[in-house]
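What follows is chain A paired twice: with chain B in the first complex and chain C in the second.
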Partner chain A sequence: MARFILQRLRQGILSLLGLVLLVFVLARLTGSPAHLYLPEDASPQMVAAFNAENGFDKPLYIQLVHFLAGVFRLDFGESLLYGDPAVTVVLQRFPATLQLASVTMLIAVTLAIVVGAASAARRGSYGDAATRLGSMAALSVPDFWIALMGVAVFAVYWNLLPTSGMGGWQFWVLPLLTLALRPFGILTQVVRASMLDALDSDYVRVAKSKGVGPGAVIYKHALRNAAIPILTVAGILAAQVVNGALVVETVFGWPGIGNLMVTAIKGRDFAVIQAVVLITGAAIIVLNFLIDIAYSWLNPQIGLGE
Partner chain B sequence: MTLLNNDQENVENDSAEEAPRLSLRAAARSGPEPLRAADGLWRKVGHLLRRDVLGIAATTYLVLLLLTTVVGSFVLADSARNTNLHLRFVPPLSTQYGWEYVLGSDALGRSFLAQLTVAARTTLLISIGAVIAAAVVGALIGTVVGYARGRLDKVAMRIADVMLAFPSLLLALIVLYTLGAGLGSLILVLALARIAMYTRVARAETLAVRERVFIRASRAFGAGSLRIVCTQILPVIANPLVALATLEFALVMLAESALSFLGLGVHEPDVTWGGLIAEGRNYLQHAWWIALLPGLAITLTAIATNVLAELVRKAAESE
Partner chain C sequence: MRTLSVNRLRQKHPKAGLVPVTVAVGCVLAMVGCAGGTSASTSGEMTSLRVALGYEPMSMDLCDASSARNGMFMTENIGEPLVDVNFKTTELEPKLATSWKQVDPNTWQFELRQGVTFHNGAPLNAKAVADWVNRILDPKLGCWLYGSVLDDNVKEAVAVDDDTVNITTASPDMILPQRLAFVMIGLADGDQGKKTQKPIGTGPYKFVSYQPGAEVKVERFEKYWGKAPQFRQVTYPIRVESSVRSAMSAAGEVDIATMIANQDAKAKGAVNFTVGETIYFRIDVNLPPFNDIRVRRALSLAIDRATFVKNVYGGLGEPANAIVVPTTVGYPDDVTYPYDPAQAKALLDEARRDGVNVGAPFKVVGWAGMRGSNGSEVPDTIVAMLKEVGFNATTQLLETESMRNRLGSANDPKFGPAVVLNAHGNSLGDALVSLRGKLGCKAPQSPVCDDQLDALLKQAAETAGDHRADLLAQAFRYEHDKLVALVPVAHMADTMIITNDRVSYTPNLASSERLDISEVSAK
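Moving on to the complex of A and B:
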């Protein structure tokens, strides 16, 4: 177990290093960094002064050392748009996205387990067919589009919910629902498929023949054994919720890192872009590490196998 | 698309291994054909389609979409460009201003039907291009590392894990930012994000076939690794890769539309469905159709290809 955790920790650190290198390569090898950091109308004097000040006129390997040292001190430079250090700007926005993403995943996982399990239990019924089509539609809809349609109907036309911002529960309804749609669709399919497998297995048949009620068979015996594939997919999706957050936060003006990233790209604020990518990457590596541990706890054979 | 047409070679490889199958296959030809393991992938998909209402609906939709796009991009190319400020924001579902305006018009009075059709061509071309690029590169890498094994294999799989764990859109945004938006970098970014999927599948399939008799025989006859990978392994593992590519199409199209929505898509005058939605965002209140219709088109196309992908997967698994 300890060896497994250590190995995963080493892999996580290596992944993070890879990400840091990728950002460095992208930032330095695609042209002058001054072009990335400075506004587009910067004068040649400004560019030269900027290059000298930040050491961009030095050889590449010295720049790499500087860059790595900066990353270790969590120093990504100052934000062009906000004037504060980029890390501060990103960390200020992080909680809003984290809250949105975790509540989204909670809703998606809970709903998917209930709907997927019920659908598997009534295999071949109209409800099952509706669930299959519904989950297919849910994972096929562009999230930013359904967000816009939600705004058009509930906020603009019926005036029931606010169009954008963050505040009371009314502000959460549309972002949560639109963001949960895709993970819900994918997870429902996974839950349904793994529940069908579990319901076909010998131990469920034994439980049934022992006279265990249908509810207990589904939610106690079958679901526990279907948990591992569900957890795996939920973990992958939790990281991919950032994809949805990027666009959905823009539509709803949610003060999170998705919104920040898009604003930074439009405002050519490269320090912030770098910080968002590296901090999100670190968060996702930590998340994967936690999932690996939960995984080996659910199924002790995995830790031994590696 | 050459990967798709390897049915002949498949049969030859299999028949070299198990001769009796050939006669069975010939016998089956005369009668009504049952679903057989040695049949080509698309024959099997066709067979599965016959019993699947949803599958038929999805295929019909996709065929109609392709036809409309191909014909429409010739017939409607002019009306997609012609602005008419007297006909701004004509609401849809009326033929008062001619059939081109059946789906309404946009802020510049252009036929929205024409806009949708022209955008369909760009959207489909970008998505198909990215899917094919990712499939070819990913499959080659996966087959090579799966055949070579060892250190190279381990490193490649580690990189694939990291690429799949990281949110693809975030990666796409930073690459597009440094490279600049445009058709080429858009396809590059969309393909880059998905290569790892094909690498994984191709590697797993290669590991399963690399010790089979016909490949061991080729090795014994002195065939080089590259030759074995290209002429023997790739044709045999093509079906699961085609199934994956069908499944990936909707994903890539959704990613493309999100990037276009954020303003990092193709440049004017080219436009995709996602770009049309971004435009419609400004007119949500009085011209709802501009945002609604392209979104519907994306959703329907994604559902249809996902339904088809499930059939292709079933067909590929029935070997």
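Moving on to the complex of A and C:
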């Protein structure tokens, strides 16, 4: 176990370093953000003063050395937009995204397991056809369209929910529905396919022949064996939900890192962009690590790389 | 944090008894409070106002208040200028300064109003004002005011006594008081060399909080020197999607939704108004084929401005004959930019016969973030019109940073000959800033350096009154007749949605940059 953790830690640090370097270089290729922070008629002297003040006048390799030295102290520099340390800005916004992503995945996974397993158990029925059609629609519909339709119908027409913002439970409904729809669609299809394989397997037939009830067959025997692919896809989707909350957070004014990322990219706020990428990357690496451990827990035959 | 406004729902659906019940149950279930967010007190008096903004603020420093991103909540609300401009009459009025005069050609003197305090309790005095103005002039701080309103001609501010401030310029600036109408006076607490996180002004509202990506809140400043404002609290939710701001208004969540896109301009309560912003294109006059004035003139004659306004902006806006709006001092009443494709073709034929390669390919460069433009619609429309008369133009769409770089690279052969579309705002009400900033020899964006034009602008800068207006109009005529480097296309319009059943507000020329809450009244 210790060897596994060390190995994963080493891989994670290397991945993060590569990621940060890539983002640093790509961001700097776009040039100095001086023109975004100064008025259109700013003189060349003002532009030069801005660049000097923020270190953008130095050669790229010097900027890189300063940046890397800062990264090891978790100091990404100061946000051009907010004037605070970039890490502080990101950590302030991270919980909002994490909460939204966690609840989204909880809803998507739970519903997908129930619906997908039920659909597989009644293969060929009308319910199964409806599930296949519904899940395909759910994963195909663009989230920005769902978001705007949700606002138009539930907030404007029926006046049941707020259009946007963050607050009590009502504010969560539309962002959650929008964000959960696609993972739900994908996972439902994965659960159904995995369950169909599991239900055709020998151990299920043996369990049935021993008189085990259908509920126990599906949720105790088949589901546990079908869980590995579900977990794999759920892990990928969770990472996508954290990263992909951009549209949902922008439309619903949800003050998370998706919203922050859009603002930081538009504003060439390099420090914040780099901090978001690193912190999100670290979170995804931790998530993958937990998924690896879960594999081993679900199926003890799967070792942890030893 | 805001919860659903129960009173608002009642107002919209008086018989919808279930809705408040649902909300209340939800609040209990979620263990969240239901306080806040209501706009009316039990007596029915409106105590709070909600205004949806379309931008994330660029900082919390009053020295950036001249940017629309900050101006919408800061200008005249948190911060106030020394001199105020009345956008209905365009006259200057006293604000934090009770009087002002030019004591010598390069010095303006301002007498401060007495009994004014900043939101932190500090008194307004000459030293505070001088420190603030000098802070703005520090290029390291990168204030939006420095460059957009004040320039390097302004040298320094000096406190003469407790109530008198002198501001000196390198050369005479006859419109310095007018410029100062855009400089909100504030206090920088803490490090003077850094932008503040909490704006401190003298205005009727003091800053309460800023939740990035979510909202800005201000509340009534009880010790305000002027008339107490009507609303106790103003909340500015930040929603970058126009359709969401429009929906917020339709759902009764905000009283005013600003910066509404064309597609929502017919929503209930939508008010369209002309802003001091004009679309124009700049021509690389030194690069062939545009180094031939006939080709440049043909570019202008090919543009059907009325159709442009109708098709691109849904009829909102006006065809333009200058890069400033008609109420601006120096607007040239006798200059016109007609649409005449036959004449454009004739000029191109003439140039072609003289060996000019009028069929050379060039780009029409557009900015993706231009107000009211959907993607490349603006440059595409211009390209289509230019092709009609025989130009070989294609669209190039740039995002903000690239666009700014492109604007600063006039006549650069690296980019080839181009027509660069841009929008220019002049809410100052005086054309000198526009002409100098776009055509002056020192202007980074200028595609020309013409001694005669520069001399005219210098003379105008040192002149006041009608003669100044004549000189500026003369400069516009000169550009139209001799240079043809900037071609105006259309004066733009903006839209805001005002929920007429609760509040009333009449937008003015500056309402896309500032929203003075004292001009909003509850019904």
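In this text, the second predicted complex is superposed on the first by the 261 of 306 C-alpha atoms of A that agree within 3 Å, B and C clash if a C-alpha of one lies under 4 Å from a C-alpha of the other, contacts with A are read in each partner's own complex, and residues count from 1 in each chain.
Basically, contacts are C-beta pairs under 8 Å (C-beta built on N, C-alpha and C of every residue); 3 or more make two chains touch, one makes a residue touch a chain.
Remember, predicted model here, so these are calculated numbers, not experimental data.
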Could you tell me if A:T250 is touching chain B, chain C, both of them or neither one (first, second, both, neither)?
both
Go through the superposed model and pick first if A:V141 touches only chain B, second if only chain C, both, or neither.
first
Touch check for A:Y203: first (chain B), second (chain C), both, or neither?
neither
Check the residue A:L38 against both partner chains and state whether it touches chain B (first), chain C (second), both, or neither.
second
After superposition on the shared chain, which partner residues are touched by A:W297: those of chain B (first), chain C (second), both, or neither?
neither
Once chain A of both complexes is superposed, is A:V156 in touch with chain B (first), chain C (second), both, or neither?
both
Counting only touches as set out at the top, which of chain B and chain C does A:N288 meet: first, second, both, neither?
first
Looking at the overlay, what does A:L26 touch: chain B (first), chain C (second), both, or neither?
first
Of the residues on chain A, which ones does chain B touch that chain C also touches?
30-31, 36, 148, 151-152, 156, 250, 262, 266
If we count contacts the way the header does, which residues on chain A are in touch with chain B in the complex?
11, 14-15, 18-19, 23, 26-27, 30-31, 36, 133, 136-137, 139-146, 148-149, 151-152, 156, 236, 239-240, 242-243, 246-247, 250, 261-262, 265-266, 270, 273, 276-277, 280-281, 284-285, 288
Could you pull out which chain C residues touch chain A in their complex?
1-4, 9, 12-13, 16, 19, 22-23, 26-27, 29-30, 32-34, 37, 56, 58-60, 66-67, 139-140, 142, 144, 146-148, 151-152, 194-195, 197, 211-215, 237-241, 243-244, 247-248, 250-253, 400-401, 404-405, 407-408, 437, 442-445
Across the complex, what residues on chain A touch chain C?
30-31, 33, 35-46, 49-50, 52-53, 81-84, 89, 92-93, 148, 151-152, 155-156, 159-171, 249-256, 259-260, 262-263, 266-268
Per the contact definition, I'd like the list of chain B residues that touch chain A in the complex.
54, 158-159, 161-162, 164-171, 173-175, 177-179, 250, 254-255, 257-258, 261-264, 274, 277, 280-281, 284-285, 288, 291-292, 294-295, 298-299, 302-303, 306-307
